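Below are the structure tokens for one structure; questions will follow.
In this document, chain identifiers A, B, C, D, E and F correspond to the written order of the chains, with residue numbering beginning at 1 in each.
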Amino acid sequence: MKTEFRFVAFGGQGMILAGVIFGEGAINDGKNAVQSQSYGPESRGGAARAEVIIADEAIDYPMVLEADYLVALSQPGYDKHAAEIKQGATVIIDEDLVTAENNPRAGAFIRLPFTKTADALGQRIVTNLVMLGSVCAIADIIKKDALLEAVKSNVPSKFLELNVTAFNQGYELGRQARQ
Amino acid sequence: MEEYRHRLMDYVREEIMPHRFCTGCGCGTVLNAFVNAVEGVGLSPAKMVCVSGIGCSSWIPSPYFRSDTLHTTHGRPIAFATGVKIMRPDLTVIVIAGDGDVAGIGGNHLIHAARRNIDLSVFMVNNMIYGMTGGQVAPTTPYGVKTSTTPHNNVEPAFKVAELVMTAGASYVARWTTYHVFPLMESMQNAIRKRGFSFIEIVSQCPDNYGRRIGLRTAVEFLHQFKEKAVRIDKTAGMSEAELADRIIIGKLCDRERPEFTAELHALTRRIVAALKQEQPA
Amino acid sequence: MIIRFAGFGGQGIVLSSYILGQSAVFDGKKAIQNQAYGSESRGGECRGDVIISADDIYELEPDYQDVLVAMAQPAYEKFVPLLRREGTLMIDQDLIVTDHNIEPAGITRYSISATDIAFKKYGRKIMANMVMLGYLNTVLGLVGRNAMEDAISRNVPRGSAEVNLQAFADGVTLAQQELKKR
Amino acid sequence: MIEIDEHLCKGCDICIEFCPLKVFEKSEKLNRKGYYVPLVACEDECVGCRLCELLCPEFAIIVTNE
Amino acid sequence: MAFDDNRLSYLNRLAGKRYFMLGDEACAYGAIYAGCDFIAGYPITPASEIAELLARELPRAGGICIQMEDELASIAAIIGASWTGARTMTATSGPGFSLMQENLGYAVMTETPCVVVDVQRSGPSTGQATKPAQGDMMQARWGTHGDHNIIALSPNSGQECLDLMLECFNLADEYRTPVILLMDGEIGHIRESVLMPDPEQITHKTRKAARPGEDVFGGDDLVPGMVHYGAGRNIHVTGSTHKANGMRDVTTPEVHDALIRRIYAKIDQNREKIVRVEADTDPRGPARIGVISYGASSRPARGAVLAARSEGIAVDFLRLITIWPFARTQVAEFAKDLDIILVPEMNLGQMSREIERFVDCRVQPVSKIGGIPHTIGQIHRAIREAV
Amino acid sequence: MLDNMSDHEYRKFAARHIPARLFAAEDFARVRRALGRKVLFAQGDIAVAYGALLAGCRFFAGYPITPATETAEIMSRLLPRIGGSYIQMEDEIASIGAVIGASWSGAKAMTATSGPGFSLMQENIGYAAMTETPCVIVDVQRSGPSTGQPTEGAQGDIMQAKWGSHGDYELIALSPSTVQECLNLTIEAFNLAETYRVPVIVLTDGLIGHMREKIVLPEYDDINFVSRKTTAKAAAAYRPYDNDGTNIPEMANFGTGYRVYITGLTHKESGYPSTDSQADHHRLVLRLCNKIRDNVGKIGKVQRDYQNGSGDRTVGIISYGVTSRSVFQAVKELRQRGFAVDHLRIITNWPFPEAEVAELVSRCRRTVIPELNLGQMYHLVREVSSGANDLVPLWKTGGELHTPQEIIEGVTG
């Protein structure tokens, strides 16, 4: 069983870190994972994409061809990758940053307020953790504890509490969306 | 509301704006000052060649400034520019690149071009870090700063590049910061007009890859610091080395007349050709 | 015809080979000239090679020389074994003690006191190379005398052409005497 | 008159901070790239010194003296 | 391209004269005849004589010579100068050629016409500075990173040093690419008779000019037209992956693919036009033995072939004048009826491996390293042993 | 001599001739503590650094370049913690220069770069080959030529790795295809560098360098540590380039009392320059080449995924590096669909495993060679195959990996 995730955003939104945490969470959970990314030469403001493949078996081809999950925090990112999803895939967008009503190939189309939630916590920088919490709840293939462990090893300890809060709020958003 | 268009958009490659510098990056301000300087000098970009290397600030002319542009390999823009200038002395050749490019990997070309006193204007954007590759130590990084490749401590002192270039023989040398935009613009005009090697070190901010390492998180904090730390060169006379250690000395370091290389070279060639013509055919 | 000049740096060895090669070209022949570069040519051992031919020259590194002009003992010892059987050896007799054991069979030997003549007559040992050139060219009939004199005039230091040509002529005279004897 | 190109602005706040007469203010308005663009709050105060125009890294501000 | 007055009056003084000169010097005169405007270099044995002669003579012909601070700067300067419309060159040897590799790739990527002379010496590293070799044959093809193609020619006489320089500059301009003259220390440092041609007989290919509005880095032709600096076109030249208009696009695979394949193809598809070989098949009938050689090695190789024939051994001979692109069709054709090909070269078998890729018969290197060219006898023996 | 030895004999030989300060278990434990957990989710660039540290690397000199910078960054953080030294030099030329100097000071030393920096290093790579300096160079390949696409992966430096410097020389180059292998092969690279006294190149690429995967750190007993064979001779009797019959001279590190003279000029066994002797040059360069060429069997590593079916049906695939990942997936699918496919993955690009390749090509109906360049290894396969077989190059440039489907089409098409 192999599940492919694609996260798209602008550079600077922490999407690659989110991908790293997501992949490491899968490893913590005893699964295999490959994470790759692509970004332009600029570290901020350009297009950024993180891809994670999670599987029980060894992963040969390491790239995402058709995503099971497309998570979009930028309009150009969404527009570019909207068609490259599996039939019946789950699409998750930030409702304030991406304008899209539905996707003909999507089995589920979920709009969530990641940025707004982070802003409410006073730190836009944790948008990615909100998103990650939601994806954790919606996809439900990595245990929440395993993912939180990965959060801990990847964010500075003085911001840990904030990040965990963001993650939990996102998780709650995702849980509700799933229902 | 009518379509907004900046009055100097003709000087930039508008089709690829907005540029890709990070929020608050000093490179944008340098581009702005440079465009204003070129307009102020009344120079047609069609008579300019801008040469740059590899690094964020190399993007200032390449691709954003709309003249002939030569985007070269890392560290070598001055060498490339030397070839351009020798063969087209009528064109104004300008190098804009970063501290790593010009003073690090390309340090040898810098001192030799200054020694030759070739008529180039080199605007070195000094953000004290390798920004494009993510924040590694540069030859201009101050002692004691932790970077991604000096995570424990930087134990190397920083280069004083402007002073080095002055010693090497340049005609015009100045240092400004991205806060001092009006004198910077004026200085760029002087540098462009100067016959000979002119060099401006522009102390600039990199909030994303340098600022977070020294506790300055935004461009605003950087500019405040530049404003506070800057000291005009004419005020440094009575100051001790210790007093100056943490300051940014701004202003014109030198402005002098020295024989210019391409002029000398072409005059020599003319003399040789003329001498040959006077010789009787062998 | 493959000719090797060998001696010490400072004896004008390379210049000799250059003049011979150039004069061959002036004379309408094909020629290549090669020399040892680097440490060898600065005071140490020194050599210059010339190949002269009426046809295209394919040889760059000959297996054997037809002629060896030796102006120093180490050069003689090093290169005489590479002389072709029945080749020609030309030495400055005051500088070299020959050793028949290392010489190929059947060679023809010519010995003159080039350095001695140069020093006694002109006060300059370096003129020995011109004496040698005149001798060599006359004995073997390599190139026309005019072509060689032209090449000498072009390649010796300004103002010294006359004395060099005089030394060359001395070598020619010596050779003519020697040829009469044989 | 001060014009701001929202499309170009990256929300660095330099203009807000360094305008000698504090003409600009932060706004709540997000542009398409997710930056808060500044607001020209008291244009009447502007004396046309053009510091904001020259400091702006984005060519997003233009000051015209009428 | 016509000569300007200065150049013409300079060359008219030389026309028809025969000189006894170094291969290096002949190469330098070739550059003057080729209309070279600018040379930037750095001293290195055994190539220094080229720069020295040009430093003396090129200004007399109205050109410019500069000694840069190193070889990286030298090739950088000639690339910059080339974009002003000048014909430019540099000359070096192994260690300097290694230093130039990054910017050689830059010239390929930016499609900058220029000529690089590599007078090969014994390597690796500083090796034997004064000794000739042919050890950079593969480096010339593969020395810089990434996929690319290159043109390289190899002279085997002083006269050819001059003649091939003309060809190098013409090829560089015609295909908008750096061209390498792969000399060797042997040919560079022997003196031979060289005839100075009549300037009226020289033909120069001109760079194709881009039409107004036409892209400088793409378009319908494999070789796009060029625009020079100062022409008011505001062209952008970058070594990064770029679109047809010169603007960087370093993330779109299709842009990179199209650019690199075109740059590769402009030489690959014109191979038959570019390649020059010199074949000498045994007139007396089918030979089973062939000899392929190039540069300095081809002189004793040819001598050995003639010697073998005089003994009644049938031998075919092929000399590669163009080294890159490789003369694959000519070599395959040459090899058709042969049992064995001997490849005398002054390295450990670099081109013999390349030959192996395109022939079915046995290929045997006749290697010699250490700075002394093959003697005719050595190659002759190898032919005898192959019988 | 070495190639006639059995593995057992070789180990005995190595124990006798390679005694120099082997990496002690306590040292290793210290490094392992610095690296943290045994199971990690890490990038290829990081795995390379970890491999180097675990192999005993104590010196790194580098210069920032995408996509290799992460290796330098992690080395700068970890090396000081285990008593090693890191320096960022002024350019890549200086970086490899410093590495060579450090190696002669006795340290296992490395640098990491990408295409443009690799091009700059070529002169000094030749110097390392000529002076027989053990060192490791990681080239994280990106799309070229020139600055090309800095953030995209490629395999365009395969030929350059062998032919980038002037003159005749041999070196070793390895291509990992997983992040775990980035770690394992870097350890291997150090062992080979020390054994053969040669620069060893680890050819990763931007894809694998930036990709994160699960890696498991090895234990002390998992690794066979090799250090250079140093001399036990008295200083007066020692000559730095004496051939003891193995073609690999004993080394005397700087400061150990031997006062060795090291030069990139052609040198005699004494180390002193010999710039005029044909015989000295021939003997030296031939030995430099033969010490590698004669040991292809020992150095060369391949991975065979063979069914060894009948030749007239079988299609062969030859791959290396990251491209192998697509091939493995494609091969699984092809076999499910009933195709006979034999896959040879080349781990050691240089010296090129000619015999292995020739064997596969000779018995396959056609052989497909996918690579992220315009056919560089295809070139080499042609060289060692008779030319009569159907060789299919699958070229791809621009920074994207072949999809398994593209490989399948190459095989079936």
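Keep this in mind: a residue touches a chain if its C-beta (ideal position, glycine included) is under 8 Å from a C-beta of that chain, and two chains touch if they have at least 3 such contacts.
Predicted model, so just to flag it, every value in this text is computed and none were measured.
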Exercise. What is the minimum number of touch steps required to go from subunit D to subunit E?
Worked result: 2
Exercise. Computing the C-alpha centre of each chain, which chain sits at the greatest distance from subunit B?
Worked result: C
Exercise. Looking at B-F and B-E, which one has the bigger number of contacting C-beta pairs?
Worked result: B-E
Exercise. Just how far, in Å, is the C-alpha centre of subunit C from the one of subunit A?
Worked result: 86
For this session: With chain centres taken as the means of their Cα atoms, state the distance from subunit D to subunit F in Å.
Result: 55
Problem set entry | Intercentroid distance (Cα basis), subunit C paired with subunit B, Å | 61
Seminar exercise, completed: Cα centre of subunit C to Cα centre of subunit E, whole Å, reads 36
Problem set entry | Sites on subunit B at which at least two other chains make contact | 21-23, 73, 132, 134
Problem set entry | Junction residues of subunit C, two or more chains touched | 38
Seminar exercise, completed: subunit D residues touching 2+ other chains are 10
For this session: Please name which positions on subunit A make contact with subunit F in the complex.
Result: 20, 23-24, 27, 32-41, 59-63, 65, 150
Problem set entry | Of all residues in subunit E, those that touch subunit B in their complex | 6, 9-10, 12-13, 37-38, 40, 59-64, 66, 68-70, 72-74, 76-86, 88, 102-103, 106, 229-240, 247-248
Problem set entry | subunit B contact footprint on subunit D (complex, rising order) | 3, 5, 7-8, 10-14, 17-18, 35, 51, 53-59, 62
Exercise. What part of subunit A is in contact with subunit D in the complex they form?
Worked result: 10, 13, 45, 75, 96-97, 115
Seminar exercise, completed: subunit B residues touching subunit D in their complex are 4, 6-9, 12, 17-19, 21-29, 31-33, 36, 178-179, 181-182, 185, 218-220, 223-224
